[in-house]
Amino acid sequence: MHLSEFKKPQDIYVVINYLKGIDKKINIMEVCGTHTMAIAKSGIKSLLPPNIKLISGPGCPVCVTPSEEIDAVLELCKNNKNLIITTYGDMIKVPGSKPNESLERLKAQGQDVRIVYSALDAVDIAKENKEKDIVFLGIGFETTTPGTILALEEAINQKINNFYIYSMHKLVEPALRALLEQPDFDIDAFLCPGHVGAVIGEEGFEFLVKEYNKPSVICGFEAGDILIAIYKIVNQILNNRVELENEYKRVVKKEGNKIIKNKVETYFKVSDDLWRGLGLIQNSGLKLKDEFKEYDASKKFNITLKQSNINSACKCGDVIKGKIEPTICPLFGKVCTPENPVGPCMVSSEGACAAYYKYLVF
Amino acid sequence: MCLAVPLKVISIEGNTAQAEIEGVKRTIRIDFVKNVNVGDYVIVHAGFAIEKLKEEDAIENLRLIKEVTDALK
Amino acid sequence: MDDIITLSYGSGGKKTSHLIEDIILPSLSCDELNKLSDGAVLDVFSNKIAFSTDSFVVSPYFFPGGDIGKLAVCGTVNDLSVCGAKPEYLSLSLIIEEGFKIEELKKIIKSIEETSKICNVKIVTGDTKVVEKGKGDGIYINTSGIGRLIYEDLGKDKISEGDAVIVTGCIGDHGAAIMASRNNLVDEFNVKSDCAPVYELAQCILQYGDKVKIMRDPTRGGVATTLNEFVENSEFTIEISEEKIPINVETNNLCEILGIDPLYSANEGKILAIVDSSVAENVVNDLRKIELGKDAAIIGYVTKNFPSKVVLHTNLGGKRVLSKLTGAQLPRIC
Amino acid sequence: MDDIITLSYGSGGKKTSHLIEDIILPSLSCDELNKLSDGAVLDVFSNKIAFSTDSFVVSPYFFPGGDIGKLAVCGTVNDLSVCGAKPEYLSLSLIIEEGFKIEELKKIIKSIEETSKICNVKIVTGDTKVVEKGKGDGIYINTSGIGRLIYEDLGKDKISEGDAVIVTGCIGDHGAAIMASRNNLVDEFNVKSDCAPVYELAQCILQYGDKVKIMRDPTRGGVATTLNEFVENSEFTIEISEEKIPINVETNNLCEILGIDPLYSANEGKILAIVDSSVAENVVNDLRKIELGKDAAIIGYVTKNFPSKVVLHTNLGGKRVLSKLTGAQLPRIC
Amino acid sequence: MHLSEFKKPQDIYVVINYLKGIDKKINIMEVCGTHTMAIAKSGIKSLLPPNIKLISGPGCPVCVTPSEEIDAVLELCKNNKNLIITTYGDMIKVPGSKPNESLERLKAQGQDVRIVYSALDAVDIAKENKEKDIVFLGIGFETTTPGTILALEEAINQKINNFYIYSMHKLVEPALRALLEQPDFDIDAFLCPGHVGAVIGEEGFEFLVKEYNKPSVICGFEAGDILIAIYKIVNQILNNRVELENEYKRVVKKEGNKIIKNKVETYFKVSDDLWRGLGLIQNSGLKLKDEFKEYDASKKFNITLKQSNINSACKCGDVIKGKIEPTICPLFGKVCTPENPVGPCMVSSEGACAAYYKYLVF
Amino acid sequence: MCLAVPLKVISIEGNTAQAEIEGVKRTIRIDFVKNVNVGDYVIVHAGFAIEKLKEEDAIENLRLIKEVTDALK
């Protein structure tokens, strides 16, 4: 299959040249961090006229994890010496509410923290370390939740009793709704993440069009996909159309992935959840159902969130809401760098601040 | 973290499959996708397939892109 | 500044620079060290020699395309080579963890023997330490090396606008091979580490005398980080074209699967050179006649458009900054 | 031969010799390395330089009388000094364990700075690696060094019957100080490590030109092991007198309490020299004028009574063999 | 106090010269490894005429530990991954019955084996490693048993429940009796260890004189002590006297140390025990009494000894019995060296073979 | 392992004491010896005292040695 053609489709220059000629002010939110990075790395921003703005949304799992959750995880480590924390990479650098505290630092000081590339790896670690308690930090949206489910099923089937999930999984839709409800929300259209679309289906993004009247295009992650999707958005706006288009037809179907949807319902219950920058959003998080409480780290270790004060100068919240570009933050590039991040948007390899710092500040 | 990589399935055993892209083979889980067969392409995240990627859909996708570029030429 | 060392300080990227510039240089500053080049150029009995050191902590210590022994020899030979020297003598210092298999040690020594023969260097002095189980990771090796300086006028200060940037072959293979051999991330990866001595390539480039401005082997931190080292704190920009960068499709695929940028992936048998543009094509043609240089390419030029920055022109014609490696992309690759 | 490395292989004694002679030398054999001396004497541009390397893994890395930084500088400076060279340039390679305190690193770097100033050597090239927590022990340091050879005719082959054996001061203090600072074995020990540069002492001895046969710094394995290295595989015997050996009473007491023989305890600021007996008294008198050499003494002579052996004449007038260190008396002392 | 005077008493040369003039064949057994080493290191053997022989006896704790016990300890480690073995240094090198097996090797392969200088250190390790089981290998004679008792009392008083003693402690007297009963035993007199004497008192050695008619001198560990004691033995023999003399008057009293003797009775029961080279000797070992079984590693871990075949060429048994000098062993210095010891006499820093190898082979 | 070292007691706390010899101080246990006082010498093994060493006994011991050497002179 000629999949590489999507990276640089034939004659894509005509699209680029067309977009360069647009002078209408259009604010497009790319919901997801994967898009943020693909855009930054392909240099797409440098190809667009300044009036077409791509603004990062709340779709970076690390970025939206609130400092209260980080604090709770750090606290958990300190109180349980017999623990192995397993997590996707970026999480270990996220600072909690206190400066100089992160999983990376606890690891450097001897806490067993292991980076996994798949939730199933965490189960393997549990099997190899019977005398330890293994906690997997479940973060991310519709695309990572299935990985956590696989791990949970594996633990259940293999009767592994030293494996616990701390679910911080979140849903994209409630977050977008919360954003859209904000009075000063200034986004004209959405670039919808194709992998989330693969799970929730085209129908999962219809509310953007039907309820909020925003042109939206479901989009793949190759540079060609993104340019075509931007074109489609521009085209809708110029023609006063408001539609949900699917640029990522090769993957995203109307109803999405029913197996995943069903399994999410089997194992998780929807609950109110805390988001960095966005605060408490109703029905925006996924927690393990009570029937699976023996695998639930929050039950086993009695994890509770404590109010925390984060560095007030960090504008991550505004960045996630698409209100400001990272460079507006007074800490950007001075106090806050990927080496010494103040907020999670600078930590995550998919974070908007990191993308600006690494790729976009000439 | 949330990379969407298309891989070709080269062998299947239960819910586990081996998938490849030129030069690289890896083990994936196919629990979430129905009727995966050897030779199919799948979109893989953190170790599991979230969807099949059919040849005809990719061709259709490319055709739709060509529609755009043709229209602008 | 942090109050403890974390893995990022060993990445070869920004934190490694902080460590060196904020903690080591203020105390140990001298002209030679301050250059932070691959090795020091020294006057001994009014002759010039190059002197370089590296400790190797690669994990796993046997990897596709080589092992820590081969790497330890190539590493220092390469540093000397890109300094413009002919590598002659190496020291060899082993830190072995208790429990290490003698059989594996023999293999590593064999590999050191073979590589040093290929490189035509002699191992003339050594040291052996053993640390308790749990205080090491199998084996760490330091090599230091001495070479006779053949061409001495290399340096960042020689770079000027219009110069061409050359890489001697496909990038990122070492980092990719190490990554692939860790943690069962992938079942199979067809590319081997590029670990090899670059002396012949360096000599080929150095034929062009003062048209050669600077050379460096883009190891930890990859091509992106080394290019940044060339222009940081200068008025110059390096602008490179994504489509010109030679890369194995397999390496590219692995990087894509693992979410890694091959421009930050380590190389152990490549040179990045900046040469006068008038000779750039000839240099590349000469390099391509050598097996190790067959994929050599001009990947960009020196400009003054964005002082102190490296800029990548993407396949689509866009551009973005290519900063130094931040964080620890993958620890213990060399 | 064992099939795995145990701590004894790092003791500096017999097992270390086996490791080097059975595993490393057969592969890497060359004239310079085969000598197994403190450093290699090399021809570069037809001038002679000395080249030496050592990795330091001492635990604890701060100890009474010094730290790993001071030790790393002195260690290589001393190896060059006893080769008959003037130490000039050092490389510095750090292997740091994740979690290491920056504050401690700064102290160590400070100590490297101070010691290298005292030794009048420049640190001209370096390297930094970071390994995961549990894959190191705080910090390991390699230094390699280059010196200009001043006197080149030192060697085991110069030893002849009747030569005198000189030690430049009280023995065993470094090993004793390290031992005392470990494991709460004792609450207090008044002696500090003797860690110091021996360049001045070496120069003092080298004044006597070809009357000086060989010098070595008796580090790991102590005086007994170094003396054995002088005569092994030769027709000569070294016979020393227990009562002539300078030793601090406190060090002796500690050794007695812990069941250690001070003759096997490491030194880091001493030279063992073999000189023609005609100049031995003068050498000692000259050494005693230097603060570090104030306890210098002739401790014995070269004979042919028991070929290849070192023999100790005890206080009571008895005699016994003094063999190379066997086993690991105390790991990680340097 | 002028304790150093014992190292080289004034005019000691007259004793040395006197002894040099003796031409009678006299075989003296120095019972204890501490004496073996003091003799070797002070060069006393080189000062005696060849007819006065000093022969090492069964008094090195490491040397007399049978390979069956080593095998059992190695087996224990292999079956219990959660174990920390604590022991005095030399023990870790002693090979079991299989080549290439020792605690040192297990340690190099990752088993947690820690060398302690005092049994109390093992208790501290237990306190610091609550999640592990700590086994202390109790070896040695009357002088090391008190250390084990201290550790046991500490564990009891502090209610430490992860500390276990594997007692291989032995008694000097039954071993000497076993030797003396051997038909070909060719020893004329005994140099009795002063530190054992401090515990068992002069009276503890009286059986040598009264029951076996052997001149015996209790002796300190300085070179001067040893020379004087040898003189006293020679003097008795030349004058046909058979007495127990106490050269170590500054330390050894008539009844020894009653506190220690009582405590040994409190905690230990005498039992038959296996000795390397000497086989099973009745009432020669000390095992923990049943009341302390919760601290007894042999109970907790069900340690049983299995018949083992040691390298038949090793003559350790004969060395320990004083029948041969180490150099007679065909393996000595060739196959068997301190680096690669075949038998425990070459391992122990107090072993007769090690003493010969390191100090006595010119 | 079984070293018999004479040390001087310099402080006592319960069954624990600090003892010294020129240049070296260490903590020892004195459970097994009655009436240990500061200033006393004790013979120490693997961390505990097994006996006191009285000045008068040491002098007597030396006198007995002198008896031997005198007799042989």
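In order of appearance the chains are A, B, C, D, E and F, and numbering begins at 1 in each one.
To be clear about the criterion, a contact is a pair of C-beta atoms (placed from the backbone, for glycine too) under 8 Å apart; a residue touches a chain by one contact, two chains touch by 3 or more.
Labels paired with UniProt names: A, E = Hydrogenase maturation protein HypD; B, F = Hydrogenase expression/formation protein HypC; C, D = Hydrogenase expression/formation protein HypE.
Keep in mind the model is a prediction, meaning the values are calculated, not measured.
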Joint neighbours (chain C and chain D) are A, E
At the largest C-alpha centroid distance from chain C we find chain F
Relative to chain D, largest Cα-centroid distance belongs to chain B
So, in whole Å, the Cα centroid of chain D is separated from that of chain E by 35
Whole-angstrom distance, CA centroid of chain B to CA centroid of chain F, is 82
Here the gap between chain C and chain E, centre to centre from mean Cα coordinates and rounded to Å, is 58
Distance between the CA centroids of chain A and chain E (whole Å) is 68
Residue numbers in chain D touching two or more further chains are 2-8, 98-99, 134, 185, 259
Residue ranges of chain E touching at least 2 other chains are 12, 107-109, 117, 121, 349
Among chain B residues, those touching two or more other chains are 1, 3
Which chains touch? The pairs are A-B, A-C, A-D, A-E, B-C, C-D, C-E, D-E, D-F, E-F
Within their complex, chain F touches chain E through residues 1-4, 6, 29, 31-34, 41, 43, 45-48, 50-51, 53-55, 57-58, 60-62, 64-66, 68-70, 72-73
Chain C partner, complex, touching residues on chain E are 107-110
So, in the complex, the side of chain C touching chain D is made of residues 1-11, 16, 19-20, 23-24, 27-28, 30, 32-33, 39-40, 42, 44-45, 47, 49, 51-57, 88-89, 91-103, 105-106, 109-110, 112-113, 116, 122-132, 134-137, 140, 142, 144, 146, 148, 331-332
Chain C residues touching chain E in their complex are 98-99, 133-134
Per the touch rule above, chain E residues touching chain A in the complex are 82, 131
